[in-house]
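Here come two complexes built around chain A, the first alongside chain B, the second alongside chain C.
Coming up: the complex of A and B.
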């Protein structure tokens, strides 16, 4: 009896739902895939909140005659895993654009697959300058930041304030290596010197003591951390435990607000860092954060996550502009359109995308407030300096991107 | 002609049909991945199933095969069949060195020596400049078979991989059922007795080890070409563990078992990717169930029920 009744109820429900499904099916669909680290060191800097930000972009974009789906997957910071998910998404699941993709080694692999399949890759999480340099392609945009901009802003500021001898602790993959070498360039250009570097295996290292002790014995004034996410947090905490912070200044070349939150202001106060987004920067960023707060009340977006919002919104505008069918057929054409249109959204304000795929937004140098200065939860940053978009990034001619000459 | 019994002939025909039909139903790249790992598991099974040697470092030969194949395709621009062969030779050469050291011990000591050597190999791959550390060798072109047939299309690549798999599958079957294979099985059952019959068991074990490593290298090279990337994942000890798992789930010491095991595990990895890191938990549970409930593995258990050797 019960079985029959539930069957009846089920078919009634199906009858109600079915027409709606059909009506939706008639609309053209765009599928956004968020591919990032959901379980490793970069979970907090990207992870679930990146997905929420993309969903927020879809909501803010509104209805323009096509439906938008958002799916996600975990690449585990492994290039082969990232590349095979990207391949499957494009081939099997009808994904049109892949967003976020932190971890530079994975980002390069996904960018390669994207070009092969002529889709769109909007990178927000990875820092390698190769994405807009030697390995740039017409299907990829790097939205939020890169190691050049970080090294110039944070590294330059540290040397100016007297930190003229450096020792680098580097995550041993393309991002860390580039961050350290770009950092070293700016240090040397400003008249400082680099006393040494030690590289640790990524993402398998949790105990940084031996690397930190090497840094201590070097006698350098500044400890440059060429890493990101949970690694940076661990390094700073362990450096504090060893008393390293009393003798050396720490320069976290890449740090996000989620890292500051993870460290706590007591430990993080006084650190200088660079982001291209801060929730309390101006009225528009506050408005964006207020909207986001309804979905994720306990956290604030960092630049990686806000970059996902900004990139997704600009992508959807370009799709609406050129038509869904055209956009689905040719990823390079969408990217070309995105480069032609000026960007404007609440998170990053007005900006543009350069021909090598570099998103052009100002870089902000912040100092982390002391616990006494902080008035409210997540009130963490003091703005120290702003590098305008035109000066923050590597000059177009120096990148060696093949797209620039054609 | 390959020493198939009637049932094995039927099973092989079934396999052949599956290999031909599947790409029309399932995603070809996934199937190629399965075939590469099936070949790897078959190579591993040659050792554990027929010689009784438990190697815990097969990822080393697989991964080095992948690196060398990727390097040859990307930097030297060689054709895919030559690259894959180079991958196999690399695996085989590594097998000569590692095997020569390892076969002197048995059981857990053998497993530990192979594991230790594989970890040394992992560290080498992490530090050697040509592997590009954590980034791996990326943007590996698939190239054109014999310089003529482009493999850029997934279907074309699938044909290449399928032929490769079937060739080495049959080769392994032939080895197992040759007089040489009989000696291997004799060593597995009772090594002192095989020695007393006049066989130089160390030589036999070493040759089997090198053959297994060679085929593992071939599988690695093929995988590198399919995905266009060779990374540390391929040489990691987790891959070694996965190979053991595939063979046990499918059925150790059966010809068809490792392939089925590869299908099951790679299928889970592919279709359960949505649950993220829980996949490894599910795999662990399956392993426990397998060991507790059907110790002979899927194919081994079917074979035992039907009283057949599959």
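Coming up: the complex of A and C.
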């Protein structure tokens, strides 16, 4: 009985879908591929909600005479896996643009494949500055954030508010090391001192109390956490447990709203962090989040996910502007068009894309609210300072990007 | 300030103590593994995942039923232990007569499934679980701030390890268990229900993992990957201690915790590797492990 009913339902659905497929078949198609971590530590910062955000962008973009497909895959945070999926997507599956790609090592690999195939790579999830520096290319845009912007916004603000001596706890791989060294530069430039650093093996560390004790013994005023995800959460939890938070200020150099949710406000309150998007920032971000809420009611987007929305929307505008055939033929031309057009959307507001592929948006410094201050679910941040787009990122001349002609 | 090898002595004392605390977790987890291996000859790769499930059950009890940490400490091992009974009765019992490799593959597969299910439902960034009110705060020992909760973890771990060791080595149930490992047919002939005993042993080993999970929930991020990082270290502990040796697991767990803690001061980058270096040296010198009996 059940089988017959589902068979009937299935054929009814097929009857509804079939004419639509035929109708769409006549239209030119653009295919967006979201490539991120669906099963590991960065699932919540990108993962399924990044895909939803891209779908939201497609919906908000509306019908401009071409069809848009969204597909996704899990790169497992492995560069070889990411690169081979990218290759297959471009060669066999007709994907035109790859979005998100967190984890710096994977991001660099996918960016290289994209250039080789002359497609488009819109990175939102990775933090390495090399994407717009020594390894920049005409097919890649880094939309949302990078370690320079995080270090400048969070690090600079902490020194200004009196935190002039630092101790870094660093995840011992490219991202952590870059984050700590950029952080140290800003601390020193602002007249502060770095009293020490300890690098721990990533990702094989669970207990950070030894490193926290070393930080405490150093006498530094600020504990700089140059890591991400579960490591940051463990560090903050254990810093509170060992009473560090009474003597030192914590600077989590990369933290997303899902991390704050994972920690709970009781532990996370008072932390300062930087994101380039917050759902409750202004009327436009609230409107965007309300639309997104219909698809994902229990969560709120962080900057990585909202960046996927913003980048996808801008990409589709560029495709509409230059025509689907031209866009499919030459990825570098689409990126050039995207750089030429100003960006404007509900998540990131008005902005631009710089010559080296750097998305230019303000960096917001937030403080995490206390449980008493938080009035509603996901009401987590207080805005403390805004670094304008022009100042938030590494100056063009310092990056060493071969695309930049000065 | 008094210094040793250029490091303040207070820092070294602190690290020794922290090493002991981490060692308590290693001992508790490797104890469960050693029991399961010793009695069932199964290398339980799902142990880390079951440790994670123990922590999640504590969170669920608190959030869905309003039961606090103390209830979780009792209920979570029981619930996860009951789940282990089902696992043993349905799939693991089929492995006893075939090669070890199948046991390893099956339990590894189970671990991936469990982690995947929890990741799908709860995401990867973890869930908040607070230290119970009665155990929050800490004491200043002069050379470091000692959180009360960590002291509690060490105490509970030591007591549990001793109790398990006593049960297995000094009671009649333990004697039957050990005899059943050596010659199950003969023990069954004496009227002991060996299959039931094996099921309960597996459940007890898993319950220990869940118990460690509840202890870990307030200090580590409660996320689906929390067991997979720890399990490799714990396996090394079991191998160094001697596969299946209860006392070996306990002593090695604490000892390696201290070795790891000191490495974190002198050369932190090597802190994840030091345990494996010890493992290589021990296996070269004593292939059966420190406390293992040569085959």
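Everything below uses one rule, namely that the second predicted complex is superposed on the first by the 381 of 406 C-alpha atoms of A that agree within 3 Å, B and C clash if a C-alpha of one lies under 4 Å from a C-alpha of the other, contacts with A are read in each partner's own complex, and residues count from 1 in each chain.
The definition used in the following text is that a contact is a pair of C-beta atoms (placed from the backbone, for glycine too) under 8 Å apart; a residue touches a chain by one contact, two chains touch by 3 or more.
In this text the structure is predicted, and so the values were computed from the model without any measurement.
In the superposition on chain A, no contact is made by A:319 with either chain B or chain C.
Applying the stated contact rule after C-alpha superposition, one finds that A:54 touches neither chain B nor chain C. In the overlay built on the shared chain, the residue A:172 is in contact with chain B and with chain C.
Of the two partner chains placed by the overlay, chain B and chain C both lie in contact with A:39. More residues of chain A are in touch with C than with the other of chain B and chain C. When both complexes are overlaid on chain A, the residue A:233 reaches chain C alone and has no touch with chain B. Within the superposed three-chain model, A:201 lies in touch with chain B and with chain C [touch as defined at top].
Comparing the two interfaces of chain A, the one with chain B and the one with chain C have residues 39, 172, 201 in common. The part of chain C that touches chain A in the complex is made up of residues 8, 10-11, 14-15, 18-19, 21-22, 116, 119, 123-128, 130-131, 138, 144-145, 147, 149-150, 219-221, 223, 225-226, 229-230, 232-233, 261, 264-265, 268-273.
For chain B in complex with chain A, the residues that touch the partner chain are 27, 29-30, 33, 126, 132-136, 138-139, 154, 227-229, 231, 233-234, 270, 273-274, 276-277.
Of all residues in chain A, those touching chain B in their complex are 38-39, 73-74, 76, 78-81, 83-85, 87-88, 91-92, 104-105, 108-109, 112-113, 135, 172-174, 201-202.
Of all residues in chain A, those touching chain C in their complex are 39-45, 47, 172, 198-201, 203-207, 209-211, 213-214, 216-217, 229-230, 233-234, 237-238, 241-243, 256, 258-259, 261-264, 266-267.
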